[in-house]
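Provided herewith is a single structure, encoded as structure tokens, for subsequent inquiry.
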Amino acid sequence: MTTRRGGFTLDVSFEVAPGEVVAVLGPNGSGKSTLLGTLAGLYTPEDARITLGGRVLTDTAAGVGVPAHQRRVGLLSQQALLFPHLTARDNVAFGPRCAGRSRRESLAAARERLVDVGVGDLADRRPAALSGGQAQRVAIARALAVEPELLLLDEPFAALDVDAAPAVRSVLRRLVRDTGQTTLLVTHDVVDAVVLADRLVVLTEGGVVEQGPTAEVLARPRSAFAARIAGLDLVAGTASDAGLTTPDGTTVFGLASEQVAPGEPAVAVFPPSAVAVHRKPPEGSPRNVLPARLAALEPQGEVVRLRAAAAPGGPPWVDGLAADVTPAALAELGAEPGDDLWFAVKATEVAVHPRRR
Amino acid sequence: MTTRRGGFTLDVSFEVAPGEVVAVLGPNGSGKSTLLGTLAGLYTPEDARITLGGRVLTDTAAGVGVPAHQRRVGLLSQQALLFPHLTARDNVAFGPRCAGRSRRESLAAARERLVDVGVGDLADRRPAALSGGQAQRVAIARALAVEPELLLLDEPFAALDVDAAPAVRSVLRRLVRDTGQTTLLVTHDVVDAVVLADRLVVLTEGGVVEQGPTAEVLARPRSAFAARIAGLDLVAGTASDAGLTTPDGTTVFGLASEQVAPGEPAVAVFPPSAVAVHRKPPEGSPRNVLPARLAALEPQGEVVRLRAAAAPGGPPWVDGLAADVTPAALAELGAEPGDDLWFAVKATEVAVHPRRR
Amino acid sequence: MTRARPARGGAVTLALPWPVWVPAIVGFGLIAVPVAGLVVRTDWPDFGALITTDAALDALLLSLQTGLISTALCLLLGTPLALVLARSNLPGLPVLRSIVLLPLVLPPVVGGLTLLFLLGRTGPIGQLANDWFGITIPFSTPAVIIAQTFVAMPFLVVSLEGALRTAGERYEIVAATLGASPLTALRRVTIPVVLPGLISGSVLAFARALGEFGATIAFAGNLQGTTQTLPLLIYIQSQNDLDGAVAMSLVLVVVAVLVIVATRTRDASGVR
Amino acid sequence: MTRARPARGGAVTLALPWPVWVPAIVGFGLIAVPVAGLVVRTDWPDFGALITTDAALDALLLSLQTGLISTALCLLLGTPLALVLARSNLPGLPVLRSIVLLPLVLPPVVGGLTLLFLLGRTGPIGQLANDWFGITIPFSTPAVIIAQTFVAMPFLVVSLEGALRTAGERYEIVAATLGASPLTALRRVTIPVVLPGLISGSVLAFARALGEFGATIAFAGNLQGTTQTLPLLIYIQSQNDLDGAVAMSLVLVVVAVLVIVATRTRDASGVR
Amino acid sequence: GGSSGGEQQAPPTRTLTVSAAASLTDVYNQLKPQFEQANPGTTVRFNFGGSDTLAQQVVQGVPADVLATASTRTMQTAQQAGRIQGEPVTYATNKLQIAVQPGNPKGVVDLTSLVGPQVTESICAPAVPCGAATEAAERAAGVTLDPVSEEQDVRSVLQRVTTRNVDAGLVYLTDVKASNGQVQGVDFPQASAQGAGQNYLIGAVTGSQNADLANGWIQFVTGPQGDAALQQAGFALK
């Protein structure tokens, strides 16, 4: 698809599988909102073919352009834009009503969604009587209540306070998991991507510079932008009481960042900067002490990234983990590729997030 | 001051010294925007006395209420609300023009501010042709260009991408430092408070639950909300090449989070979760290994916080530092108050931020 | 020092710039003083008798009925027309727009004559109505309504169009992304959002319909009980009984004020 | 399947709901067909001669001059008045508002007579003007302008007030926090933001002034070159020569369309 | 106003303002050049309108020099306000006729033919001068008409007939004449009954700056040239 807005051109091409959640990342002005607007039918692309579950939404070659309201594509835009004349509840009930549900059903659904995002007590307020974060939550509830075939969310967690953001993220994750809601999510926070997205698309200046499964892109970012936001260590497995159990049975100690039941698919995430590197297994509080063979040294600005391979006899998933240390620390350590080292990570530094599939 | 909005009542009282930067934190709907709006003269308080540099702005008892435009109080509201009929440059030049500066001067100032926030190339665009983040940056430039006696900023960094947020924060810090701009800053991000604010005010449900110097509130939060966002370890000193030099001459190794010249006042910040606790000084990559005497154990949800006192002969500033460990790690460590321990923190986990005064 | 005036909800009402007040007062005076003159001139002792003649009561009733029906028709036909002018991208929109304004420019009597040429017994449409249904349109109450609608509709259309443009279509776009069909969006979003403009427009249209004289007398004629609205009675009366005419003008004025205040009070308590 | 129509800037214009089109077309027809009838009835062979008589040219010129001056006066006095009605919190605002609407309701001839009572040589204000400055207001071009302004101003006020209410005051609040005095905010923010409403209002006022007949003939008289505007000439003409009257109505219509299209084209290229 | 701009060179330029009933438009316009020729340096300007409006204007002191109305009552209005110099002159009369479609398809012969639904008619409203005349004729004939509309002036009645929206209308003889054969006039006996006629009055306005010219115009209109023009238009002389 190619969309022009004034001097700006967006030119991207990608697919989203049904039930998949794709996070769109990119700097300000890279075309994320333009992409969502084009999918929602708000901008006419110059040259595009957009299909959704077999339906052609836009095909400039064939002259097809389904109007926005018939696309079954929901959009939460960057501005809340609540209808000023309706209460919070009526705002949220608007979508279900349009989908033909009864007044009672719609109001019930609206109330449920409002409770989900933590503003159930504000149902009767007009938007003018809501704070910025409250309005944003109502807008999220309104977008979720539509249950469209494709849900587009443009920075849904901006303006939310430190408690609300993870809570609302959980709500979204539950929805996505329970109903298989296909979703495209624009965010500036990589944690949103980790928790919610199967795949990432990174946009810069109107073009896709990177895309792929979340873990892959974050672990091995190839674009400068992705590298800056990502470069996380991820270990996949299932949630356990202590943290996470990997497929080979090892336990990664960590703290659940949000509700995740033992046995559920999960991912343990920690920043490479949290990984201490030792010649001998250290005693002390760090719970995760992993044998690793140094595979490569990657200078990254002020720090040096140590890339691990699995050590003989050690857990295989250590392969690819990174540890960031200062050059001074590296000098003292005197480590070279091929050396066997110990990576130590405190359990309090490891966040266990639920994972899709 | 007491302000009523519908059923909500804001009732606060505090002072801001000239040239001081105060960060206002609080959950959604706690009254932060209402506070700013009352100071700016947009809401009429029920009962208030507001003075600014000797001028009485509001005194309900005396029936004084200076209108908004004569207060010399600038407000960046939560919504960008750029004038839709003016270009970005004219939007920014609006304030200086109102202050009586010449057209040329105002446009020059506008251009400068736009370049500061990284959108110098968009000066001729109308707001409709800007992305969400770009519009937010123009709004920040517009608020800064006014140079009011008191600057009120409501979540200025929302919608900014990962590169832009620190960059714009630096701009703001420079302005605040160079011109002694008295500022009240609403934010959900504690780093903004650390970098910019001398003092914090924490609001909950319309009342102040906590206020004091930034480092103090963050190190020893007394309210539940502050504890959730804060609980950071802070070490004050001056910036050095390796990180930070404390007053007693010790070096705290760390990475500068933003531009800070050696010798400048700075603060080293790291989360208690990043502190590993050992019985013996560990060898390995962690650069900061500090002797500490365990002063107290504070259970905090899933983790236990170990509070340090200075160890005899060790650096005195260790006093008060916290380390979070899991109960399992604590059990293995078997530490009790009074024990001498070693706190280890990787240099990559320590962010060195410039500090005011 | 200027004082910020408190308003409901604690929000401050911004002060109006003082240079606004002088012309506002002059403008208000230009309208209010002549009307006050009307009040002064009224022959109060005979006022009751003057306004309760059969003809006056008939005319008042007819004026209210036709005025309200015409306003309803203006809403029914004019709202869609305003939407087309404000929101569609038909070619030649500026020309269509100025055609809609023509009843404003045409002297009402000429407007009435054009209606008569068209719908009169020998007019192209009037003849059909006469031959097929045996209906003669002029000289009937429906003719009054047609004439009033003809002259009043542009008011509704133009002021609603202005409001629609000022409001923009951002909320309609949001509604579309929530799955609202254009009709639903119109009903549940556009109309409520531009309600102040719609009310202004209706008030204008109602006032214009209530005061309509030239087109009515030219097209519908002047017969007590059927087509003689208050302005027609006033005009005819003014030919030999100015006192009666002034008294009835005052009635017209009071009726208009009552209806408009009633409408507006409802508005003020509604949405901004 | 409906197609989304592309517009400038790549933004889609939302489709209008189809039930809008039927009444829009009926409404448009109600206005356009009678006017088209006017065109059909015109005596085209003699058209040129009919509209280029001295009287016709004088009247056309006078109509344009007075119409434009009246519109300017309406803007000057009516804009502040609309601001007061939309933004102030004076007590009794609904009543003030409906008083402003009265010239709409008053039959124009009655309006003209009230002006005559007030500003005629024996009227309270006219006497002062006569005694102090030796000015007689009726039968002069200024009288035409006063009459037109009196009847046209409510149009501007009401449609601008609707637009002001629809736009809300959020941008004015922003301007105040940037240090803009109320006057600066008005000039640089409010007016540009409600420009569409202001233009609609001016167009309405201009059209109404151009078509004004009853108040003018009653107050200003019907003197060729001084107070005989096109509608007055049309009236006199229609006494003997309906064809001439129709031809001149057509001129009025064409002039109005030209002026309005010219204004609106500028508008369309401006800000939304 | 720029009406006097062209005559600035001839020094004794004077403008005579005549407020006259709209039904006099043709006759007066015809007389204007002759009068101006006879009085060099004089420009006559007309203020045509309804007699009642004209009278009100004169009462309110507008700068008119001559008032020529189409009814006795309106002239009296001005007179009672002290705005007419001396006694006004009644110089012409007009009488009612029934205007019907050319060829008189409905066979109208007198007022009684108009009663009933088979012939629709339009008359002047009782409040206006021609309506008062119509009422007088009705009284004299002992019939009550059932009009579909009571018009504001006689030209409107005529228009109803010419546009064939009614079958007949009560108008003045001059109107039938001015219609150029679009309608046919039917005389009826009660047209000459008491009050059924129409009087044209003329008088000089009190305080006129051009009292001599005003009297000149009055004499001119009531003199031979005026008589000729009036008669040609169908007025009867008094």
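First chain written, first letter: the chains are A, B, C, D and E, and each begins at residue 1.
Just so we're on the same page, a contact is a pair of C-beta atoms (placed from the backbone, for glycine too) under 8 Å apart; a residue touches a chain by one contact, two chains touch by 3 or more.
In UniProt terms the chains read A, B = Molybdate transport system ATP-binding protein; C, D = Molybdenum transport system permease.
Because the structure is predicted, anything quoted here is derived from the model rather than measured.
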Query raised in the report: Along touching chains only, what is the step distance from chain B to chain D?
Result: 1
Query - Homomeric contact chain C-chain D: same or different residue positions, threshold half - result: same
Query - Chains most often in contact, by C-beta pairs - result: C-D
Query raised in the report: Among the chains, which one keeps its Cα centre farthest from the Cα centre of chain B?
Result: E
Query raised in the report: Which integer distance in Å separates the CA centroid of chain A from that of chain B?
Result: 26
Query raised in the report: Roughly how far is chain A from chain D, going centre to centre by Cα mean, in whole Å?
Result: 57
Query raised in the report: Once you find the CA centre of chain C and the CA centre of chain D, what distance in Å lies between them?
Result: 14
**Report entry** Multi-partner residues of chain B (each touching 2 or more other chains)
**Finding:** 5-6, 41-42, 67-68
Query raised in the report: Among the residues of chain C, which are close enough to touch at least two other chains?
Result: 7, 14-15, 113, 117, 173, 176, 181-182, 185, 193, 235, 238, 242, 272
**Report entry** Per-residue overlap in chain E, given as positions that touch at least 2 other chains
**Finding:** 56, 159
Query raised in the report: Where on chain D is chain E touching in the complex?
Result: 109, 113, 116-117, 120-123, 126, 130, 136, 138-141, 217-218, 221-227, 235-236, 238-240, 242
Query raised in the report: Given the complex with chain D, which residues does chain E contribute to the contact?
Result: 1-3, 17, 19, 22-23, 25-26, 45-49, 53, 56-57, 59-64, 155, 159, 162, 178
Query raised in the report: Tell me, which parts of chain C touch chain A in their complex?
Result: 170-171, 173-182, 184-185, 188-189, 192-193, 195, 271-272
Report summary line: Touching chain C in the complex, chain E uses residues 50, 52, 56, 73, 122, 125, 127-129, 147-152, 156, 159-160, 163-165
**Report entry** chain A contact footprint on chain B (complex, rising order)
**Finding:** 5-6, 26-30, 32-34, 78-79, 125, 129-134, 137, 154-155, 158-164, 188, 225, 228-229, 242, 253, 255, 272-280, 282-287, 302-303, 323-326, 328-330, 332-333, 342, 344, 346-349
